[in-house]
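Letters A, B, C and D mark the chains as written, and numbering starts fresh at 1 in each.
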Amino acid sequence: MIGTRTLSFRKLLLSLLLVLCILSVWALIIWFGGESPFKGFRYIIEGSLGNHYQFLSTLNKMVPLILAAAAVAVPAWTGMWNIGGEGQLLLGAFGAALVGFSIDFGVGLVNIVVALIVSAAFGMAWAAWPAFFKIKLRMDEVVTTLMGNYIAAQLIAYLINNPFRDPRSPLAQTPYIKSSFVIPYLFEGSQFSATFFVAIGMVLVLFIFRKRFITGYEFDITGSNPVFAGLSGIRVKKTKLLSMLIGGALAGLAGGLLVLGMTQRVMQSFSPGYGFTGLLICLLAFNDPLLIVGIAFLFSALQTGSVNLQLFTSVPAEISGVLQAVMVLFVAAFKTFIVGRREG
Amino acid sequence: MDIELITTLFRTSIRMATPILLASLGGALTYHAGIINVAMEGLMLISAFFSVVFSYLTGSAFYGIIAGVVASMLISLLYSVFVSFLKANNFAIGFAINILISSLTLFLMRVMFQGKNAFNSPDIASIMELKVKTGNYFLDNYLLNFSILTYLSIAIAFLLAYIIYKTSFGLRLRVCGEMPQALTAAGIKVGVIQLWASILCGGLCGLAGAQLSLYNVRMFSRDMTGGRGFVALAAILISGGKPKRVLFISLLFGLFDALSVKLQNEKIAPQFALMLPYIMSVVVLLLFHLKTRKQYGKA
Amino acid sequence: MSKTYPNGLEALREVSFEVRKGEIHAIVGENGAGKSTLMNILFGLIKPTSGEILFNNNHFSPKHPSEAIDLGIGMVHQHFKLVQSITVAENIVLGMENRFQSKLRRVDREAMNESVASLIDRLRMSISPDDRIDSLPISKRQQVEILKVLYREADFVILDEPTAVLAPNEVEDFLEFVRGIREMGKTVIFISHRLGEVFSLADRITILRRGNVIGTFDKRDVDRESVANMMIGTATDLSEDPPDCLGNESVLSVEGISDVSGTIRDLSFQLREGEILGFAGVGGNGQEELFEALAGSLRLASGDIRLVGSSISSLDTLERRRAGLALITDDRMGKGLAPDRSIVENCMAGHHKFGKFGKWLIKDTDARSFTESIVADYDVRCGKNIKTAVRALSGGNMQKLLVGREIAYEPVVLVAAQPTAGVDVAARKLIHDSFRRLVKTGSGVILISGDLEEIMGLANRIIVLYRGRAVTEMTHPHYDPTEISYYMTGIRGAQDDRYSHS
Amino acid sequence: AIVAGDAIGDRGFTDMAYIGIQEAQKQFGIEYKVFECNVDPSKYFDSLRAAAMNYDLIFVDPGYFFDKELAEVSAMFPSKTFVYIDGTSSLPNVVSVPFKQNEGAFLAGCLAALLTNKTELCKINAEKIVGFVGGFDMPVIRDYQAGFEHGVKYVDPSVKVIARYAGDHYDPALGKETAYSVFKEGADVIFQAAGPTGLGILEAARDYGFYAIGVDTDQGYLQPGFIVSSMMKKVDVAVLDIVRMQIENSLEKGSVHVYGIANGGVGLAYNQFMMDTVPASVYIEISEIQEKISNGEIVVDSYLD
């Protein structure tokens, strides 16, 4: 899609205008929040890119966003809507934690790989039933995946409150995973770990899969015109099912990486809405894996930046949500003009 | 079963169903116009907020409702401008609006009510009930003494069924969702129809928010819509946007909500009871699909 | 008038022409000449890059179709703009239905149906205003499109290829009906690739070639050959004869098939090597179902289909293609192509299942050269860029692409439904020639077409479909167009059907 | 600084800690900042780290949200003092401040059981049923429930407790319906531990006419006449105490400061609202029970440990 479009002066101009629009509305909001916009921007930039620690933190926070966005993108290639990333991510996280606190294979790498595979499998399982219902009964996957999120949230709440509760914590959470399952931090004083490279690796694999693999090509054709795909001998239902399973696995993997690389347990309110943020990122990125990385970076930088803004100014924490929303609104609107509509 | 228990369940169901019903009727309009509206959560929330603020300031629930409806309509207008005229993706804009309003209401609460996540006050006037005591148990408990918005919402369901299927606006609305090119070719602007649908949806979501914050409870608390906008979306998708079915499904959801409170005991963990409304919505959809499959044979 | 599309394609280059009040003005030109583009500008659907329109001596630059409609301009579009789930009457009056509002803003259905029915009666068409569009065959849908325009009592009617999907007898009625419009004092712009129609109908003819106007001529001053030459730039031979390379072996045998809904009933036929077997019939008499039954996307209630001796009834589309079947669908936008994907991706579809471009990884160079050869062989005009989206091609060029891709399978049996719908004379010849080449190799072709001229010029044998049954069969050279159209419309043969089945 | 797991306005431990630190600022002129994590685990580490970099004394509120992150960050800043609120931690530079909510809830249970037997009061019915409504179902809340149930049974084993969860801390409408349902099953005194959801429960008390017991802060003013008392968890006092000790240089790293009935860290709010509704006899009985807990005569059940 993207490759076929050319860069022109008009587009460049529009892009500049877009950035200008976002920045000026942001400035207004920061000013309204009681701070001079220039200082505000300085804190946001310093907070997200200012030093190597902040920068690593920004990168680290991209991991779940990238994978949650990819979990929406892959099914979207075949025309399926996966709004269930949140639930799949939770299940995946639980899967990784379950393996992490109950089993041990002795070798750290084996442990980690097994836990991640289990997390992907759990996520996949949670995507499987909406996909199955869609394919067998044409049940709207928007409803089933959406409801799946709420069901998963309660299911996890039950599991971490009852059978798998950490008896030492007043909080509903699983026991901590064994240290041999932990993906270690790479730098002193930062949570940055190899999970980032796993996420980037997945994105590259997806990119190559879509552009270079026969099956990836079939995904695209199925999404573009399923009737045509069927007449061309593509097995449409299988393709759609597969894409949904891959999506679920990616979301599950996001949960698994969060547990092994960061939280080391699944607690209540484990996800602050990664699934929905992922959906937004995917939409802004045209389902394109590489663009997802770029947009996830923006989202993540904005988040780490606003923590910093809150630290040094009197601007309330809620501002990060407002800034984020403003960015999405403008990007989504300008996208139509800059790149043209998907529909042609 | 004991009559008192059924009455309790019934009254809770109706109260829980009303906001969902109002919102999903609104969403049904945009659904027919070809927009799956995920912003309903935010629309309800902004209305819940302004309803409370204005009810508190003016001491009148009526002005509260008006303020909530107006606020929700304005946001709807914004939504529609982005989606119908700037052709932005409706999911992206919808979720962005939800984030915006969730943060904005907190932000405003900090500014207006000194840093509270929740605001309540005896000065908040609540929405009137149709208060008549007839002495007849059935009438008093099953038909009377609900919020006037409950009665209104049921009337609106039938009104919308009429508007969508019988009037000229309804015809254009349906065409707009199914084949917008046909509308353009007939010289009617698609964006304008969608704009109207969105604004009406905003109005109804506004009523839903007001009902939630001025009747169900009389307060505002952060994210108090608690996913009801998405439940409403499910109701719309399950019912195909047909108002009478929306009515039916919303009442069903209200019942499941009531049951989820009631069913908890030593044997049933709260989580499983609380899962019920969501599982049932999938089950209802499933039953409906099995039914149609039987009717039309395998396609 | 000039128009350059955002992708840099110059569709119209300073085109000027004029239409006189009360005439039928035909516009002809090969595929992609810019006819639809020009008409869409007149109707306000797209904006010109430069140029102006004078309508009744007033400047006119419509920004939205509503402005054109207000001035009494009506347009029948090349691709349908009908709403499937509502009734014929609702489709027709859409945009004016508020005329029928009675009390409480209710649309009065009866009044609406009545007023539509009176128009239908006047035109002697056989459509019920209360039918839903999705229950109508393609030809009827075309009529609804036309009714939409006439209902608005437009004084200036644009018809963009209205006859492309009509059966011969319907075409005749239709032309009569367009003449009727002229009698009413209206002005008509008529676009068609069938020069016969153009000559029987038009007063004047404007010829477009690759975005330029070659000229506007009075019908009396030109003849078919000269117009065709001006359109394409070279002389072409328009008369055709079926190929002569029949073998003895049967490549496809269909034995008593019926589908679940009963649209096709007890259909049997044999296709021999080297044979082109034509299926004539008015649209909606089982053609679509026959196609789908062969393609494997329709469930059969009974009967068997055998491809070179072995049954394929239980195979899915992929397995049938593997067995040697290729399929040209009549709905290129809906089923035959993925309009939003690039030309390369559209060419690869299906072929990729045969390992042509690698088993797992796509070999880009192979895909590219494969596509380029189709584009070159079938003269697909796409500005040399095979990465543009198919949607940006004109209707005819899409069709050439589709045909090219299917013939590239070198199939044992090619099922072609309306293979030349909306295709210009030269492209039509190109496509027909490719069919001829194909049968020379011993393959067979099933040609399902509503264009009798095409079938008679190409098929060795013709089966006429009426209400899902084969009502008659004729063999070259014993073709009689009048006779065929009697069978097609049920004047012949149908009686037997009625007696035996009631 | 305070690093809060939730956000200001939760009507619970964050608000209480906030009040405490404001008071400390007034008294000692300290500088402070509240880092709100909004229950987003991805912010825990960064917030702790930012707080530790800029402040000397860091309240971690509640501590158990941050177990692992606190271990990591406190090791990075050995010279700083972290205060683990609502629990105990064995980390070297961490001061622990556990609260015995079960003891407070026990008193609430006693109050409820005593009240439901006083049928002469206008809102009390004949049935011996009291209620408990929680927000999120989580172990701390279960601890409130356990203490409450123990208290009820201690006073009168024949009183039944109906316990329900709204499943959410931020859905007052659902809280209200949950309370309504419990009330309709015969409960006339309901104890809530549900954050902002609890506001709906308190409102239900007024709309349907039963007695409610508030939680964490003194909530009596919210629905006067319907909230007989509140079970308070005085995080504010603890915060002020710790800041004072820090200023006086008497705060030892690794020390544990228990807040329970004995030192008034938890307990019922004996306010005007309680005086107005609760008969003196009940008041006296409660005081006696409180004494027994203080001197260890009664050991209250706990859901934790």
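Just a few scattered comments:
The definition used in the following text is that a contact is a pair of C-beta atoms (placed from the backbone, for glycine too) under 8 Å apart; a residue touches a chain by one contact, two chains touch by 3 or more.
This one's a predicted model, so the numbers in the text were calculated from it and none came from an experiment.
The largest tally of C-beta contacts between two chains is found for A-B.
Here the CA centre of chain B is 46 Å from the CA centre of chain C. Rounded to whole angstrom, the centroid-to-centroid distance between chain A and chain D, based on C-alpha atoms, equals 36 Å. In whole angstrom, the spacing between the mean C-alpha positions of chain A and chain C is 45. Within chain D, contacts with two or more other chains are made by residues 7, 137, 167. Shown for chain B are the residues that touch two or more other chains, namely 269, 271, 274. Multi-chain contact residues of chain C (touching two or more other chains) are absent.
Of all possible chain pairs, those that touch are A-B, A-C, A-D, B-C, B-D. Residues 33, 133, 137-140, 142-144, 146-148, 150-151, 154-155, 157-158, 161-162, 276, 279-280, 283-284, 316, 318-322, 324-326, 328-329, 332-333, 335-336, 341 of chain A touch chain B in their complex. Residues 36, 82, 86-89, 91-93, 95-97, 99-100, 102-104, 106-107, 110, 227, 230, 233-234, 237-238, 269, 271-272, 274-275, 277-279, 281-282, 285-286, 289-290, 293, 299 of chain B are the ones touching chain A in the complex.
Against chain C, the residues of chain B that register as touching in their complex are 162, 166-169, 171-172, 174-175, 178-179, 181-189, 297-298.
The touching residues of chain A, when paired with chain C in their complex, are 3-4, 211-215, 217-218, 220-221, 224-225, 227-235, 340, 342-344. Residues 6, 295, 297, 316-318, 321-322, 327, 329, 334-342, 345, 348-350, 352-353, 357-362, 387-389, 391-392 of chain C are the ones that touch chain A when the two sit in their complex.
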